[in-house]
Amino acid sequence: MSVDVKRLGVCINGKPIVRDIDLHISDGERVGLIGSSGSGKSMISKALLGLLPTNAQVSGSAMVGGIQVVEASEPVLASLRGRYVGTVFQNPASSLNPVLSVGKQIELPLKLHYDLDKVDRQARVARMLEKVGLDATIAKKYPSELSGGQQQRVGIATALITSPRLIIADEPTTALDSITQRRIVDLLVELVDKAGASMLFITHDFSVLSCATTRCYVLECGQIADSGQTAALLADPQANSTRKLVDAAHELTLQRK
Amino acid sequence: MRFIVRRFLLFVAALFVISVVIFAALRILPGDAPSVMAGLNAPPERVAMLRSQMGLDRPLAVQYSSWIDGLLHGDFGISLLTGRPIGSMVAARCSVTFPLIVLGLIVAIAIGLTFGVMAVLTTRPALRSGFHLLGLIGGAIPALWGGLLLILLFGRGTGLLGVLPSQGFPETGWDSFRTAFASLVLPALTVGVISGASLMRYTRSALGDIMHSGYIDQAMACGYTRRAAALKVGLRLTMPQLVSVVGLMFASMITGVMVVENLFALPGIGTGLVTDLGNRDLIAVQSELFMLAAFFLFIGFLVDLLHRFLDPRLRYAVQERA
Amino acid sequence: MTEGQILLTGRGIQQVFGKGRGRQIAVDEVNIEVHSGQCLALIGGSGSGKSTLMRILLGLDKPTSGVVTFDGELVEGRRSAGYQALRRDSSLVFQNPFTSLDPRWTVFRSMAEPLNIRLGRHSRKNSLDIDRKTRESLSLVGLDPAEFLERYPADLSGGQAQRVAVARALMTDPKLIVADEPMSAVDVVARLQILEALAAIRQARPETSVIVISHDLGVVQRIADRIVVLHEGKVVESGSANDVLNRPKAVYTRELIAAASL
Amino acid sequence: MMMRNDSHNRAEEYQTGTDLSDMRQGAVSSVERSANQPSKRAAKDRENVALGRGFAVVLRLIWKRGEGKFALTVMTSWVAISLISLFWTPQSLWKTDGYQVWAKPSATQWLGTDGIGADVFSWLMAGARTDLFIAVASVIFAGILGVLLISIMVSRNSALSNGSVVAVDALISIPTILIALILAVPMGASVMVVVLACGIGYGLNLARVARPEALLAANSDYVGSALSYGASGFSVMLHHILPNVMPTVMVQLSLSAGTAVLAESGLTYLGIGVPSGVPSWGHSLATSVKLIDVYPLSALWPGLIVTIVAVALNIFGDVLRDTTDPSSNPELRRS
């Protein structure tokens, strides 16, 4: 599913957080959105999903799969979310519903959007658990009983259970340790590619971005400062903000001698 | 399971402590109870007889243990004033007070939850501040005055609309159901609206906090609308907190209940307790206070259990030691 | 580089939580030593026991078995000379800078706290002195004192707040600074700034030992002299940074290296 | 002995090591010491000035909001009327007139007279001072009890903290009125019954409400950091934990003041609060209940005043919370 954002702006209580955002994701493309903390990158993903707080004002245009999501009504947005757009959040410990068992959590989008019987739904959940590398017995457990990596796998399973055409991953690995981080990114990329869906991947870390995306936008102070092929930006950053991020990434990753 | 046992032991321990406190409070009463009861010019023999009737001539430890022993066997003692067993007296009063509390609670929860949720969901600033004002004023009305206003508006006889009884309870009790119920409507509304306003404030702030959490984002990302997410996920997540608040509301409501019982002349526990206290009916006051305390401690016990049950994070919390 | 004296040692350290079915060995027979002037990186994923080990080495928790010494003194209970020495000569930097700075205190007050505790609020070592030291420390971590001293944590970015925390750790001129995942709660640009601050400290105070705890080999490659890799409570690899990064022996270390490489 | 000596030496070494100019520290002259004195006092003054300014800023911020203006006005008038009523009321409280019972409002008796012919308005005015005393006294009592309980609940002694948590959880379900009833049995109707019952009840409630925040602060890294430098539990409590729970405590106490006024009216009406010879709003309300058959509209005034005061105290609590937090309030941070 393609995303086309034109001159998008978000204000909260009249204070501009992001402005003049132009962003495009083609069908089946994995695109990154990178910026340091406070650059407003999460606001963009929330604007695409209609998850902004009620005191936010959105301007401009954002087409998701041919539907204008700016100013769209709540039911229209809700029919998009979970069905055509799946979302993976930063911190699964504070986003997975603590009173739902893992099985029920993953099942939720199916229940809300498709008219399937219980057996069918449970079979799909079991298949999904297997795909994200979790044991089937985990379905009966609660999120608080799982490790951070397992929780994020549950988050991915919830996002992908309806085979959505677009995945929005909002810093999905920031809360995890480095090995788990790598495994989660690899898993996400593999599943998204297999499904042929598009992905918007949000992060502050170029090294993660380079594994997950082919093209990216660099965000600084609420505006797009740079964009291009991820590999090209990484090899030869031009814009100041890009260079800062790339330098940090180089400095913080191992260069094998 | 271990939690239930521990909490129950605590309940029993608290019962014991409160019984000692009540017992002690009544023994350090200024003014000798038998002389007060016997009247101003009573002969000393009569005072002494009353004293032994009340069992006050025995050592304190014996008095206490025989009282507790009686309680454990369902024997609450005999009122010296009326000569009736206290147990049946209290039972009759409860048949007025409990329906009143339950009705009040229903009103409070209906008002508190509905308006609380609406206050969170509305996007119109005017409506928002309207709910805010409602919560502020509703919770600040003294029960006595609230009752008075309702009497002025609806009370039969004095009121503007004059549709509901504002004084007394039928002699025949719940046998004449309609009159009995009708006489509880205004009192229940009084305590219900006042408690409802504070419940609304709690609901609004608890649900408001949850609405800003990642849980709601996740639920909405799965395909709920904001409204549905608030009702299906948000309310469920605030439930443990709200149960605690409702439990505490029981305790805060009882002051209002006692006041409106007196205002509306209902023969409930509040009116009874105040009368017995004025008459220095020691044994009756002692047992009644204890039963009230036991009731509230038990509510507290139930609320804690329910709270535990509603929050799987507490049930299954993995011990974190990162 | 020449190795200094041994500053901190842990011998046979084991920490067991719970009993019966819930029994869990968080740290298992770990031996560790830190020389003065050395930077040691303690690496492991979540649940590897690295934070538990750190608390034991700092004398904040008592191990089930094992011995910790600091500066030649035994650390055993709050009255031991080793414990007292640890409190006096070690400083901690926490993972999340915003929870390690009191939101109601200015940067100056937070930074002055260690010295105020040490010397008593109205010591002869008066405010002028503390004032000078806060300025020195802040400059060392790359923050302008004139700009930051009177700020509150709410006015700082993650990287700035964490550097304030590092600067606070310097106030007592400690022999040992322990940083518990100092870079995992902030973004990459801030990580680099913190790394530079730590490097600056090592240069300005070559005698100071630093223990950096992290889950990421990448972030410690530039500052660590020695690396100890912890996995499920056990030391799976330890050696000079060069050896561990270039000739890893354990499978787990290789995995860590792969995860940290581009 | 050796060890202690050693550590002592090192402490000195440390002190001198940090600052060369302090080498003479061992022989600090009295001149130097006295020279340090003024600067210490100056620092203290600066702290006081800062505190005073903080207070002024908070007051100004409260005043800047519409609802804050309302709350402050009501509270100031309350105090003013209480003070005035000590010296002057339109009619003497004790002037009764057997021929003028249950009189309608008139030019001299603005709200009419009660069953013994005393002026209702004057009693209402004088009631302000009793309720002010009750509100202030029970808030102070609740504050002390609550803060004490909070300190115990977050103390590092786990037996103590666990014990106090369960005790508070169990006791909290005992309603204030029950405490008042138990107290009233030996003490009779008195102002102290109201103060003690409210103090105990609201103190427990305060502890319960503020506990999560206190725990958050107690388990925070800034407390951990202070402890690791050797700060005492008491000092951490005083300088870190209490300041961080203060907003919650203030809000809660402000709400409690309002509830105390409401509770006074209920308890007095039931005959276990303020005794009948003492003016109080509860007394006036109870009078107005009887006035209702005679002149319904004047029966409304006492209740209205109690409601307005309670609303003002609630609003004050809310506004106070919003204005005293430096992390959400840039104006407090500006220096």
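Read from first to last, the chains carry the letters A, B, C and D; within each, the first residue is number 1.
The rule is simple: contacts are C-beta pairs under 8 Å (C-beta built on N, C-alpha and C of every residue); 3 or more make two chains touch, one makes a residue touch a chain.
A quick map from chain label to UniProt name: B, D = Peptide/nickel transport system permease protein; C = Peptide/nickel transport system ATP-binding protein.
For clarity, every value in this text was computed on a predicted model and none was experimentally measured.
Both chain B and chain C are touched by A, D.
Greatest Cα centroid separation from chain D: this falls to A. Closest to the middle of the protein, by Cα centroid, lies chain D.
In whole angstrom, the spacing between the mean C-alpha positions of chain A and chain B is 50.
Distance from the chain B centre to the chain D centre is 26 Å, each centre being the mean of its Cα atoms.
Averaged C-alpha coordinates put the centre of chain C at 42 Å from the centre of chain D.
Among all residues of chain C, those that touch two or more other chains are 46-47.
Touching two or more other chains at once is no residue of chain A.
Put simply, chain A touches chain B in their complex at residues 46, 49-51, 53-54, 74-75, 77-79, 81-83, 85-87, 89, 91, 94-99, 108-109, 112-113, 141-142, 144-145, 155, 158-159.
Across the interface of their complex, chain A is touched by residues 45-47, 157-158, 186-192, 195, 215-219, 221-222, 245-246, 255-262 of chain C. The touching residues of chain D, counted against chain B in their complex, run 166, 169-178, 181-186, 188, 205, 258, 262-263, 265-267, 269-272, 285-286, 288-289, 292-293, 296, 299-300, 302-304, 306-307, 310-311, 314-315. Of all residues in chain A, only 36-38, 147-148, 176-182, 204-207, 210, 244-245, 247-257 touch chain C in the complex they form. For chain B in complex with chain A, the residues that touch the partner chain are 123, 212-215, 217-228, 233, 236-237, 310-313, 316-318.
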